[in-house]
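Here subunit A shows up in two complexes: once beside subunit B, once beside subunit C.
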Partner chain A sequence: MSTLRNIGYRKIIYLLVLLAAAIPTLYTIGLPVTVSQQSRDLYSFIENLPAGSNVAIQFAAYAGMYPDAQPATRAGLIHLFRRPLNIVLWHTSADGPMLLTGEMRYVNVGSRVYGKDYVFLPYVAGSEATTSATATSLRGVFKSDFYGTPIDQISLMKNIDKAEDFKAIIVMAAAGGEEEWAIRQWYIPHHVPVGAFTISITYPMLIPYWKAGSVIGMTNGVLGGAEYETLIGARGPGLRRTDVMSTVSLLYVGLIGVANFEIIRRKI
Partner chain B sequence: MDYSSILGQTVTVLFVIMCYTYLIKETVLFKFVEATYVGLGVGHGLVMVVGYLTKTTLPAIQAGNLSLILPLAMGLLLFGRLKRQYRWFYMYPLALLVGAGLGLQIMGMLKASLIDQLVSTMSISLTPDITGVNSVLVLFFVVTAMTYFLFTLRGVVSGTSTKPNRVLDKLRDIGQYVLMGAIGAGFAQSFLGRLAVFMDVLERVLFFIPRLLGLM
Partner chain C sequence: MMAAILKGKQLPIVIIWIAALIIFCNYFFGGSALGSAFRTLTVDWAVLIVNMALILGSVTLLQRSITLARSKNSTKVDRFMRAWTAFLVIFVLILGVTLGIQSGPYSWMYNNILLPSWQTVYSIIIFFMATAAYRAYKANNRYAAVLLAGGLLVLLRNAPVTAVVWGGFQTIGSWVLDVVNMSGTRAIMIGATIGAISLLVKILLGRERILGE
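Entry: the complex of A and B
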């Protein structure tokens, strides 16, 4: 006990966490994943969208918390591009274009043609006011796409301008409440269904909205990513990382137990 | 793997290791990484915003959409905060931002965050399954958590003294546990989010050499 005290409990906990995370990272255990109703709802909604439906994606990924949303975001993009949907994506985070470029390497666009089946619009600042403006008129916010092509010259955008032109808006990797902006500015006034591939911290906030029917479904951080990978049948970082989450969480529960036992022992 | 990727990954791993020296003590290496991260973040954000202005706003003004001059000027007034004598400049755009923001929020908030959620909470499903039990529990927990904030109703007034109301006190106690549970769950979710970031960093460090050698 005195040796442990000399080293410092904190440093020992750091070492234990490092080991608990490193071992399952190197040797995959493959613990089973139960798919939540929220992830299943989101998957079913996208899966049942009629062919040719216009889907808006508000890509709100911030580099700082992106690893939490990455598995679900990638799985979501794979699913969306697998289906014959017209996708219009724009960024509400300055980090978004850089992160999306990295993600698109894992997405098979197949025979989909840029400009005809999908369009990437640039980053736009302005938080909730911008989300409201995009619902009113995309042309009012964007004059050209991400690559500088004027919107009027993009065939997909000829019949798309306002929220009513879309069958759904999907908020991806948000860490600053962008889902609530979409609910307030797209769902409430224009009745466009909102889906979310979100981070763990935002997830509990969305549960009441999901129960109330304001959100069609959402994923929960890395765990949600693993669930979505299971649903689309594409193994990725989510399923790999859930093993690490389980072992580190077990270690933490164990440490809480040990700390409580020590406190009780001292009192006796 | 091209040279830019090798350089990028090497810098990432070096920065991660330098950053984690903080676990031993606050070192110069950690401070260097901290300053670089903040500087890069601000610089990147600034370039993106200026890019949006030069690609979208300024061409639109040049094309004759003069109504955009007003928001652009209001945006510039925000920089008044940087010098004390011009600080009052930034109060006008700030007031506009807060006012417009609140106006936009309240419009959707009343329905999405209040009415719809109240209806959803009060809609009890009396079925002998987990959904039915959950719906009753949610309503009970919402009521008890709200009881915790009933500061004006402390007990039964009898003459000049107030006797404690046992039922209300019990509900308040349950409400306190409900709130603690909710805060605990929120903290756990936050922990999982940070853990995901740590896992990503760990993967980059552990698989750095195999990736460099093209084994992964």
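Entry: the complex of A and C
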């Protein structure tokens, strides 16, 4: 321990972390992933939605935490666009439109037509108040779509306006409690089921909601993304990054073990 | 008389009372059409106010950067950095407003400057977390040992390789997350909600400092 301290443990740890992250990035092992019940619930719910159901997506991605959210977000979008659902997406973060444009390159929309099968609405600030306003009237919040087309000229939006018109609301890549906004403003007053593709920091906070049935299911950061990729059968950034997660997590366990070795030895 | 009313805190309290009562009743008991219309109106106002605040915040930030850039008390480097910030804000704003955020130059700047910068900042946490785990995660007493055990179990659960070694890691880790963590999170949530309710009561009674004291 003292030798480690003399050399400068920070340098050694940083070097070990670098190696633990770099080696599996360069040489992918492809370890199997155990799918959690939460991810499975979300997948099953989306999979069992009747064809033609209207699904709202609240896209809340921020650039800062996007590495953690990206795998699940992409897998979720692939799954949602694979199914014959009517998708209405809007942004609750200023970064959202740019990040969505990047992700849509990986999503095969197939024969789905913009404006008829799916619509992208712009970003509107306002946090929970905006989520509340969208539940009451989408037209009250958005006058046009992301590309400037007036809402009234979009065929998909003809019969869609309020929360009751949707079969579910999916919150994607949230880091600021957007899932709770949806629970409070969409699920409790309007009984619209809420699903979440979330980051690992938010995930433990959502467990009580999932147990209580307020959230139908959710994914857990990169690991959840890998699980969802396994479920939809599309290998992506999640499964590539889980090897890194394994090596770095084991390194953390090792470091904790080394740090506690002296304490345990003294007690024994 | 009018000035006294406007300066005092009675008027804000009356406005808050009326707004809170209507929104509260409408949310929990399903109110009248008039109540619903009022609620929609206030929520729309809130959205508008937040959007205006965003613009105001940007202008204030810009103004402050310019003021500091012109300040004689700052160092040369500091002044340059402030002026550079102000220039960048104006430049990106003009680019976004004139060409649109889908345009090539704007997208290029976002995808090649902002996104990698943010992601780098987020990613280097991995190094600090490693040293923090080494320094702080020590079983110095019983409580610390319990915390350590819980942390280790969740850590092992989050490493897919452990499932290959022994499936029990996943089961136990999930139990810690789904049962132990849940009880703690629920307690925090309930506590925070009670705190929010007490704040509301304080505001309604005019005991909160934000009302011009």
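Just so we're on the same page, the second predicted complex is superposed on the first by the 254 of 268 C-alpha atoms of A that agree within 3 Å, B and C clash if a C-alpha of one lies under 4 Å from a C-alpha of the other, contacts with A are read in each partner's own complex, and residues count from 1 in each chain.
Convention: contacts are C-beta pairs under 8 Å (C-beta built on N, C-alpha and C of every residue); 3 or more make two chains touch, one makes a residue touch a chain.
A quick note: this is a predicted structure, and the numbers were derived from the prediction, not measured.
Student: In the superposed arrangement, does A:263 touch subunit B (first), subunit C (second), both or neither?
Tutor: A:263: touches subunit C, not subunit B.
Student: With the two complexes superposed on chain A, say which partner A:226 touches: subunit B (first), subunit C (second), both, or neither.
Tutor: A:226 contacts subunit C only, not subunit B.
Student: With the two complexes superposed on chain A, say which partner A:137 touches: subunit B (first), subunit C (second), both, or neither.
Tutor: Only subunit C; A:137 stays clear of subunit B.
Student: One more residue to check, A:113. First (subunit B), second (subunit C), both or neither?
Tutor: In the superposed model, A:113 contacts neither subunit B nor subunit C.
Student: With both complexes superposed on chain A, which partner does A:183 reach: first (subunit B), second (subunit C), both or neither?
Tutor: A:183 contacts subunit B only, not subunit C.
Student: Applying the touch criterion given at the start, work out whether A:25 contacts subunit B, subunit C, both or neither, answering first, second, both or neither.
Tutor: first
Student: What is the contact status of A:124 with respect to subunit B (first) and subunit C (second): first, second, both, or neither?
Tutor: Both partners, subunit B and subunit C.
Student: Looking at the overlay, what does A:9 touch: subunit B (first), subunit C (second), both, or neither?
Tutor: Only subunit C; A:9 stays clear of subunit B.
Student: Residues on subunit A in contact with subunit B in one complex and with subunit C in the other?
Tutor: On subunit A, the overlap between the subunit B and subunit C contacts is residues 14, 21, 63-65, 67-68, 97, 124-125, 127, 129, 132, 141, 189, 200, 204, 208, 211, 223, 245, 248-249, 252.
Student: Would you tell me which residues of subunit C are touching subunit A in their complex?
Tutor: By the definition above, subunit C touches subunit A via 27, 36, 39-40, 43-44, 46-47, 50-51, 54, 101-102, 107, 110-111, 114-115, 118-119, 121-123, 126-127, 129-131, 133-135, 137-140, 148, 151-152, 155-156, 158-164, 167, 170, 174, 177-178, 181-182, 185-186, 189.
Student: Can you list the residues on subunit B that touch subunit A in the complex?
Tutor: 23-24, 41, 44-45, 48-49, 51-52, 55-56, 59-60, 100-101, 104-105, 107-109, 111-113, 116-117, 119-121, 138, 182, 185-186, 189-193, 195-203, 206
Student: What part of subunit A is in contact with subunit C in the complex they form?
Tutor: 9-10, 13-14, 16-17, 21, 31-34, 36, 62-68, 97-99, 101-102, 124-127, 129-130, 132-133, 136-137, 140-141, 189, 200, 204-205, 207-208, 211, 223, 226, 242-243, 245-253, 255-256, 258-260, 263-264
Student: Please output the residues of subunit A touching subunit B within their complex, sorted ascending.
Tutor: 11, 14, 18, 21-22, 25-26, 63-65, 67-68, 70, 94-95, 97, 122-125, 127-129, 132, 141-144, 148, 180, 183-185, 187-189, 199-201, 203-204, 208-209, 211-214, 221-223, 241, 244-245, 248-249, 252
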